[in-house]
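Next come the structures, one after another.
Next come two complexes, and both contain chain A; in the first it sits with chain B, in the second with chain C.
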Partner chain A sequence: MDFTRSLTTRIVLNAMVLICVAVLAFPLVWIVMMALKQQSDVMAWPPSFVFTPTMDNFRVLFDAAQAGATSYGTIKVDFLKPVINSVVIALGAVVVSLIAGVPAGYVLARRDIPYKEDIAFFILGFRFAPVLLVVIPLFSLFQSLGLYDTYIGMIWVYQVVTLPMIVWLTRSYVEDIPKDIEEAAAIDGAKPFRVVLHIVLPLLKPGLIGASLLVFLLAWHNFALGLMLSSTKAPVTVALLKLLNPGIQFYPVMAAGLVVTMIVPVILIVIGQRHLERGLTFGAVK
Partner chain B sequence: MSSQALKPIVPVAAEGPGACASSGSDSLEGRSIDWFSLAIILPAVLILFGFLLLFFYGVYQSLTDLRLGRPIAKFVGFANFIALGRTADFWNSVRVTVTYALSSVVMEALLGLAVAKLFASGVFMARALRPVILLPLVLPPMSVALMWTTMMNPQSGIMNYLLSLIGLAPFAWISDTRTALLSVIMIDVWTYTPFFALIIFAGLQGITDDIREAARINGGKAWATFVNIELPLVAPHILIAAIFRLIESLNQFDIIFGTTQGGPGNSTSALSVQAYITAFQNLTFGRGAALMVVNWLIVLIGAFFTVKLWRAVRRRVQ
Partner chain C sequence: MAEVRLEGIRKAYGNLEILRDIDLDIRHGEFVVFVGPSGSGKSTLLRMIGGLEKITGGTLRIDDKVVNKIDAADRNLGMVFQSYALYPHLSVRNNLAFPLKMAKMKKDEIADRVQAAAALLQIEHLLDRKPRQLSGGQRQRVAIGRAIVREPKVFLFDEPLSNLDTELRVQMRVQIAKLHKQLGNTMIYVTHDQVEAMTMADKIVILKDGRIEQVGSPHDLYHRPASKFVAGFIGSPRMNFLPCKEKGSDQARTEITLSDKMSRWLPIQTTSSKGGRALTLGIRPDDFVAPTGMPGELVIEIDVDFVEHLGSATYLYGTALGDHVVARSPNHHFPAGNAGRVSLAVSAADCHLFDPEGKALTRLEAPGSWN
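Presenting the complex of A and B:
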């Protein structure tokens, strides 16, 4: 209905959108700038918007050989390991969730099993799980099972975040595929398993890729589980918080760490904006 | 785990026999599919069922005097809860949790509605820049928390510089007991207003031009159309987003822990943060579990009333 608006209205609306976008994007731009500044530039008052960029903060972050030595002090940091931990845990969690969750999502969409809706809601309920109430008993259990601070233990416990999401997203994507296609193939004499493998799965592929991106993102976000159930296998979010402790003079190094944790999600937006939007509002919008 | 998660325990346990009974009357083919499907769904249900057992174990622990490093825990009934109820810190945590959740959800709903309406206007910038709305939602909450911690630093932070540009005095942000809670709420609002905006935007897209046209022909001004037609139609969307956000912000841990760890003093010590400190720093696991049980009960009560409100509004709209 753009054409019914006057020119002034349109200019005002565009300007308001720009203000809104600036509020959302400015903190990120500022942090990226901070990560590229010399320490003296970061400490300067008033804050400067013009500076010569440096990669020194990133070097401090990843250069274990120099043990975090800077011209203004030493920060004990090994950021590469937490990044690897996060990638391993998040990828592992996604793979396990896909294996257990996709078939379950299909069954919940298509097959007639007793208490189907109850099971579906039981699974969705975990989106609201009070994580700490599960972690407190899990802590002693993990200690006695030898799962504390292991990838296997972390991947299992991450299922509380990733599995319900995969099940529900798969279910909703399967429901989007017209039932006729499967029925037609079944009439042609194809076995149910072959129908799923050769007809449903290829149609489901884009949705599953999107769901995997989203679930990887949720695993990447997680902080509380890693904080309480791991130490050397701690994810990047936990390592990030540790960068805060050395004090304000190390803010530029922390900003570099922030940029590292934020790059992954921003790349994921670029790859799969449509799927992320569906996933992030999932449950509230079909 | 909300009430929904608890209800189906019986059905899940009765899964096997239930399948038996119903498949008896079905055709042979129906029966075989049933069993196969159940087998397929079983791993996912079992993994999650493990968490449900842990949850109940956690509730049980809240009734014991479990401490880390002490092998035997004694059952103490409601002693943890009674002891908590006697401390001012506990009631402070309840107040912080509820204030944090309610004020952020209300502000996010109002701002989200405004942002959604703005982007639904369909002007050039709105169409081109819509993906930016997603930005705060895809960042790890811990990164968001630390990002704002650096920006809200009272001495060197950019926020006070921006305030000084428009002639305002420096603000203490998260470093003062009087302003810390407001500051963390602002961080929550920045992060999750886009969540409301996306959902309300989807709701606004669902209103057809016919409906708006009809309102216009009947002589409705833009504002009247919005209040009388659009707002009632998107109200269920706003409320369902509110249910999701209310539950998550009552459980909020990352943003508060990343910025203030409950301080300064106990001005931002929400129940989840207090539970973490009680369990993992003071090593009194039973007491920590009790705090989480209280937190969970507040979530249940909050979710119950919001769902009720949502149902009522939806019925009225239809």
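Presenting the complex of A and C:
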């Protein structure tokens, strides 16, 4: 590290960081502030930065009993349902991806199978394709199969988002484990399945925690799949859209919904930061 | 009892042949070293015995049982890898216990055996550490411990010392040799270091280009190399090779001329009666002595251009008869850095001769075999 930077350089560098922070944080701060304001404060011009915060918007969001009555009108929302939907779908998608993707990633890393690279690239290809590509044909398919607006159907279709990432990340983590270690386990009397169970999986654990967090966030943020293939089982991202009301615009309630939607990823990122970084940079096991 | 028998073992990746015609008998309790330059197939051969590489052709038997198709896990072997290959997520104790757990052994027996192995290798104080908290030498010990704890039939070592520094390498070399004496198991050891091979082996197998070049005791390989390749590979510094011509022969001797046109008789049996062939004369640097004027010695003039003092020995680098030569000086106090011409002698009995194909001609006065 360079400790001999001049004072001016340091000031300029810090100023640049501050600018970055301001640009990135501004919308977030704005939304959080908006969520804590009354409708009248939101509409005030110039915008007020000093106001009496209220939790009323959050009450409206989750208060199905009073039918979302506000001081300036009634909005019918039940935001708890979509939050639960999102948790179920995103969590389910990650679990299914781990069950299916980790073995696939392992095989792609370690075994000689025909057309290995083509298979791997095909799986990755789903990450390049726009989600709408699969959504439109799936819409009619899901309706005739009875999968439309079901958790199973949603978790299944979310594999488009989560599975390729899990397969590819697992593959690269496995490639980072020295092959010697697996061979040593084989010589020590472990059959292939036990080698994976006792040696490979424990070594993959930190990487997989990071990868799971990462794909959970991807699943959480997905919008198009839920919009087209669900209604009562719609995730938060879709529910947010439904807050757009043709009549009065309940801006502070929408902002509160956004805050709720953001809070889950933020908590996960804060708790799992160490693992998330590991998941992205997981390397030398040695 | 653990005998390993290789019959016509072959290994190929597609059309690329790595090993062919490998026939080898390893007796119970033998310490066998596979040695050869890189790419000779020695590691591949070891890995085939271990079950880590498929056998393309031939038969591999361990204790008279054909194991070609048997999983590595079921061959009951122990192996030490060059990289140690310790399980990074397990403590030393659990690393040692792993083979026993796989064998579904009882808990208290596992504990006893781990303790015994740790005591044998003096790593008891390290049992609760993780591999990353150990030094290279300690990791090496743990790797050996993990291999011996199950008391396998055969131990395989794949260049286990090449990641250690010189001093530690010598220590571990001695320790592995001692361990072999203590346990009495069959051990197969791969190295590219001929000193390791010479010091540890009961039997050395020299591999070259995927074929066995020669099998024998270290003593035999040193004194009766089968080929120019073996002669050059075993022994340090390397044997000197000088071109010469076959002039004549009788029953027990061959007459050669070097480029100085002087003819000399060597106690070596030739394979041709015609004479006139271009041969190669081989002289080990350590076989040079001060000339005594006695018959039966070859006097060679060396133009020395560099002198290397090792303390215990002094080596002279120079040219003789138009070729590069290395010779151990019979005189320890050879003046350092002094270039000049010296006359050194070699007993005719110490000379080696190789035919144009590189095969050795039989030395009749070579030191007898020990075994």
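Here, the second predicted complex is superposed on the first by the 267 of 286 C-alpha atoms of A that agree within 3 Å, B and C clash if a C-alpha of one lies under 4 Å from a C-alpha of the other, contacts with A are read in each partner's own complex, and residues count from 1 in each chain.
Here is the rule we use: a contact is a pair of C-beta atoms (placed from the backbone, for glycine too) under 8 Å apart; a residue touches a chain by one contact, two chains touch by 3 or more.
Quick caveat, the model's predicted, so the values are computed rather than measured.
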Chain C versus chain B on the shared chain A, clash or fit after superposition: fit
Touching partner for A:Ile269 - first (chain B), second (chain C), both, neither: first
Partner chain(s) touched by A:Leu203 [first = chain B, second = chain C, both, neither]: second
Touched partner set for A:Lys191, first chain B, second chain C, both or neither: second
Chain B versus chain C as contact partner of A:Phe126, first or second or both or neither: first
Winner by number of chain A residues touched, once chain B and chain C are compared: B
Inter-chain angle, chain B to chain C through the CA centre of chain A, in degrees rounded to a multiple of 10: 80
Smallest separation of CA atoms, chain C relative to chain B, angstrom: 5
Interface residues of chain A shared between complexes with chain B and chain C: 285
Of chain C, residues touching chain A in the complex: 50-52, 71-79, 81-83, 85-89, 98-99, 102-103, 132, 146, 150, 156
Touching residues on chain B, where the partner in the complex is chain A: 1-2, 4-9, 11-12, 14-15, 18-19, 22, 30, 33-34, 37-38, 40-41, 43-45, 47-48, 51, 54-55, 57-59, 61, 68, 115, 118-119, 121-126, 129, 131-143, 146-151, 153, 155-156, 158, 161, 164, 190, 194-195, 198-199, 202, 209, 212, 237, 240-241, 243-244, 247-248, 251, 253-254, 257-258, 272, 275-276, 279-280, 285, 288-289, 292-293, 295-296, 299, 303
Residue numbers on chain A that touch chain C, as the complex places them: 178, 180-181, 183-191, 194, 198-199, 202-203, 285-286
Touch list for chain A against partner chain B, complex: 1-2, 10, 13-14, 16-18, 20-21, 23-25, 27-28, 30-31, 34, 42-43, 45-47, 99-101, 103-104, 106-108, 111-115, 118-119, 121-126, 128-134, 136-141, 156, 159-160, 163-164, 167, 192, 217, 220-221, 223-224, 227-228, 237, 240-241, 243-244, 248, 251, 254-255, 258, 261-262, 265-266, 268-269, 273, 276-277, 280-281, 283-285
